[in-house]
Amino acid sequence: MPQTNPIFRVENVSKILGGNKIIDKVSLELNKGDLKVLIGPSGGGKSTLLQCMNLLYLPDEGDIYLEGDKVNPSKKAALYGFRQQVGMIFQDFNLFDHLSALENVAIALIKVKKQSKAKAGERAMQELDRVGLSDKADLYPAQLSGGQKQRVSVARALAMDPKIMLLDEPTSALDPELIGEVLAVIRDLAASGMTMVMATHQIAFAASLADEFVFMQDGRIVEQGSPQALMDCTPVSRTKDFCSKLAELYGEEA
Amino acid sequence: MPQTNPIFRVENVSKILGGNKIIDKVSLELNKGDLKVLIGPSGGGKSTLLQCMNLLYLPDEGDIYLEGDKVNPSKKAALYGFRQQVGMIFQDFNLFDHLSALENVAIALIKVKKQSKAKAGERAMQELDRVGLSDKADLYPAQLSGGQKQRVSVARALAMDPKIMLLDEPTSALDPELIGEVLAVIRDLAASGMTMVMATHQIAFAASLADEFVFMQDGRIVEQGSPQALMDCTPVSRTKDFCSKLAELYGEEA
Amino acid sequence: AEKTYVNGIDANFPPFAFVDKTGKPNGFDVEAVDWIAAKLGFKVVHKPMDWDGIIPSLNAKKIDFIASGMSITKARAKVVNFSIPYWTIKQVMVVPKDSKLTPKDILKSGKGVGVQRGTSEAKWLKTNMDKMGWKFDRVLYDSAPLSVEDMLNGRIVAAIMDDAPAKDMAAKKPIKILGEFGMPTEDFGYAVRKADKDLLEMLNKGIKMLKASPKWAELEKKYELK
Amino acid sequence: METWAFIIDEVVPYLNQGLWVSIQLIIPSALGGILLGVVVGALRVYGNPFLKVPANIYANLFRGTPLLVQLFIIYFGLAKLGLKFPPFTAAVLGFVLCSGAYHSEYIRGGLQAIKEGQLKAAKALGFTTFQSVVSIIMPQAFRRALPGCGNEVVYLIKYTSLAYIITCVELTGEGKILAAESFRYTEVFLVVGLYYLVLVTLATWGLRRLENRLRIPGFEQS
Amino acid sequence: MLESLNVVIDAMPYILVGFLETAGLVFGAMGLGLLMGVPLAVGQVYGNRVVRFLVGIYVWFFRGVPVVVLLLLFYFGLFSLIGLNLSAFASAAMVLGLTSAAYQSQIFRGSIQSLPQGQFKAAQALGMSNRVAITSIILPQALRFSIPGWSNEYSIILKDSAVAFVIGVTEIMARTHFVASRTFEHLPLFIAAGLLYYVLTYLGVTGLRKLEKKVRIAGYSH
């Protein structure tokens, strides 16, 4: 890997939750335009890591660097500014229950970016349209199907024009058609230079986009490499099992 | 299809939500041991149909028959008894927030099946073990990862030994390894004669198990047939698009 | 201009002080003070107060004096100054109209006898019951009318209170006054702050003038105090 | 110095009797009120119309009228109809009924803050509505309502002072008597206030402990 | 019977003036309580140690000390001491408001803590400052869930305002007492006063209930 200037860097981050070390000295570097895919078994710590990267969980150890600068979580202004630049899509969506789909997308534009309501609404509508939900703009989260909720959460993050996107299973609730669409959105973003980390179980779908696969287990990065290397199943202990299971499953109809 | 006695029958069911007809005159028959897979675009009405089948949504029109008998939702005792025999896994899990993983699985055994705490606990532990979560038994939903929550919800439904299982995306949050494991559980159930309806987007994974694919769109069953027929993409209007998109996506690495 | 004084009254103490149908303070004490004020050339405002907060209010200068059927007692005299006594009050026992009991029966009956909490009669009964060899259950009420209410409900057999309110009540409720039962009489006086010597003097002067005038008898008659 | 002697020799022993009565009033009233509130609150949200309507009427009536008036009617009013409760019973009855009405509203609020998915999941497992409410919804709703219910318990502690109006002489009653007799309002009510402060502190502490014990790991904010 | 009714009717104009006083007190107290209660609750949930401790003390003090004592303390003591020359009415409204703030803060705290953490996290992830996250995401939801509790507090304060008489504010209850003392018609008068309170409570509570339904979030029970 050429030693360019990483736009985002995770250094030696650890996080303890409920007495257990859930993230254990994880380091990760992202260059501008990178798309890294986080894979690994359930409970491996992917969601926790993503939330550490956004400083939603303050790491117990280690630091986060954005564009070379260490982010100091105790400086409020810096923290909020940082989070604004780092978009996040949650595994369980976390839509704002009291706001309609449109308002969910628009609120941060209004409150954080201080846009006018009209302008924010327009932009929100565009984003909803992009994920095929312009006709559901007025529905509330409880009235949306699983896939619709997930797409609203994608639209909400994109509307903020972040520099970096953290995506926690952004396609888990989608049907293949929509996965295609959302992945196309992600591909466009990647093409336009967006830096992204995506946790996903839909490895097959993601492989075509990823620059690098990062395999996490028990809070540690066990293996890191190009999708090809991983899909070819280099015989590296744990990853190998995982891949062979993968192959077996996919093999059934591939 | 031989005209055997269907164990479960949905007849002409419609459901209106928020002023829109979300389910529109849907009929479906299940013979003992059937495993039908519900597919279709996001917002097509899969979750709503499953909840109608369980009478969690009372249909605005149409009836549900279990083992030939029409279920009368206004007779409370009959309704509760019916629901006990019909297991359900929710798309967004709906774990009981105030109970640990173990208690989530055990509570219905204790309260509904009137088992002793000890016996229920033992059974719950077995089920958690089956989904690989025996070491997380004491954690609460808010402390579980996405995949862990989903597996608890699978264990919770299985512990009740239902006659029919309705599964709403039971593997969406799982990694390929676990999908394999959960599908193996489902395969075992199918083998032991359990009747199941599973909504899923992971069509490729499901194809190996399904007796029949049911394609839902805009609240209607648009197409129904063997997985083979569907995977081969018989050129039937809407379904064709869906399948070709599917093929395109899978094609990329298959 | 004329000086204005505020008189704090317990508007729950007819006939000495109460609020009339139009909502204005009225009563024996109120009219008496009005008469004195007119004669001595000052203005007076009557302010209904909570009896519990009336002395603190006086000392916090929210009111200037209390002319409202207040008994002169040693304890009170420690915190306020009293005018010359203007009225002597007796404590009497009342029973339902159809009751056949005598005060003696009642005081030895072991049954309930009602009395307003915090009053001098309540205190006197407490300290003297045993001395007198009486046996009854002293039940404390928030006000004398409530004790009568409960007496008519049959929970207690008699109630003890000042004679003036007892007369007032006997006119409106099916009760009768049995008369005194052995408690010494008490005097009413106006209360003023210790520091306000001038006001005290003026009030004393006013009381003397009033008692010497025919207005006094008129008031006694009007409020059925004699 | 003289003040201290007065407080220690007269006020404290005197008020202690009242304190004891207060405690006897508070404990059954608080427990009874919560129990009634939980039942009525559940009925107001999940009951059938035959139970919901009376439950709502009860709650509105008892929240709508002053406790003083309620005690009055229970003690003096019902006596006219031949129902003569002893003062202590009347007081506890009044407190339980009034407190229950308020608790029911806090509980109702708690119940309505529970997402529908919880009830659905319970029903899908074959729970009856009753069972779902008892073992799934109420335990969650109760946790949410607890800070509010704590308010009501604190109010109740202070409202027990109204018992004096129906001849049940407790802490405040004794305080008023002593103050009127001695005319040392400041000292007496200072001690009365302190006693209540202690009672409320104990209750707050107990409620806080209960809240912490019932805290759901990982769920709540900070 | 008829006589009693006449007494009540005669007394109505007089008592109704107290109705205005009561309504004014409640309006002031609830307003001040809301204004202070929300920040107090936010402080208790999201504040640092010092803030949480201070809020704890505030709540403990104002819930712990009986309002009568506070009224006497503030009206006769503190307010004059700091040179604040407030009328009895303003003092009463203020003291009731300060007290209500303590109670209201607990109602709001319960609602805030019943929101899943994900809501706050999602707001933070969008770059919202804590202040914005709280005001535009947490409070809009929490305040909705607080409406039942708030309506409780309203109906309690409504009746609690009767204590204001201790510093000479003649509201409904004081006036009722006066008339009762003169006419000896306690029961009917108290029932009439109860009805007046009921009207005020009913208006407030139904209004709040309407509001609650209007702002109800889809996906929560009933």
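We just call them A, B, C, D and E in the order they show up, numbering each chain from 1.
What we mean here is this: a contact is a pair of C-beta atoms (placed from the backbone, for glycine too) under 8 Å apart; a residue touches a chain by one contact, two chains touch by 3 or more.
For reference, the UniProt names are A, B = ATP-binding protein; D, E = Amino acid ABC transporter permease.
A quick note: this is a predicted structure, and the numbers were derived from the prediction, not measured.
Chains that touch both chain A and chain D: B, E.
Ranked by how far their CA centres sit from the centre of chain B, the chains are topped by C.
Farthest chain from chain D (centres taken as the mean of C-alpha atoms): A.
Computed from the mean C-alpha positions, the centre of chain A lies at a distance of 28 Å from the centre of chain B. The distance from the centre of chain C to the centre of chain D, with each centre set as the mean of the Cα atoms, comes to 37 Å.
In terms of their C-alpha centroids, the spacing between chain B and chain E amounts to 49 Å. Taking each chain's centre as the mean of its C-alpha atoms, chain A lies 81 Å from chain C.
The multi-chain contact residues of chain E, meaning those touching 2 or more other chains, are 72, 116-117, 186-187, 219-220. The set of chain A residues touching two or more other chains comprises 18, 92, 142-143.
Annotation for chain C: residues touching 2 or more other chains are 52-53, 56, 146, 149. Residues of chain B touching chain D in their complex: 51, 54, 56, 76, 80-81, 83-88, 90, 92, 94-98, 107-108, 111-112, 139-143, 156-157, 160. Against chain D, the residues of chain A that register as touching in their complex are 18, 142. Residues of chain B touching chain A in their complex: 17-18, 39-44, 46-48, 91-92, 136, 139, 143-148, 151, 169, 172-180, 201, 203-205, 207-208, 231, 241-242, 245-246, 248-250, 252-254.
Listing the residues of chain D that touch chain B in their complex gives 117-118, 120-129, 131, 135-136, 139-140, 143, 216-219. Within the complex formed with chain C, the chain E residues making contact are 10-11, 13-14, 17, 72, 75-76, 80, 88, 165-168, 170, 174-175, 177-184, 186-187.
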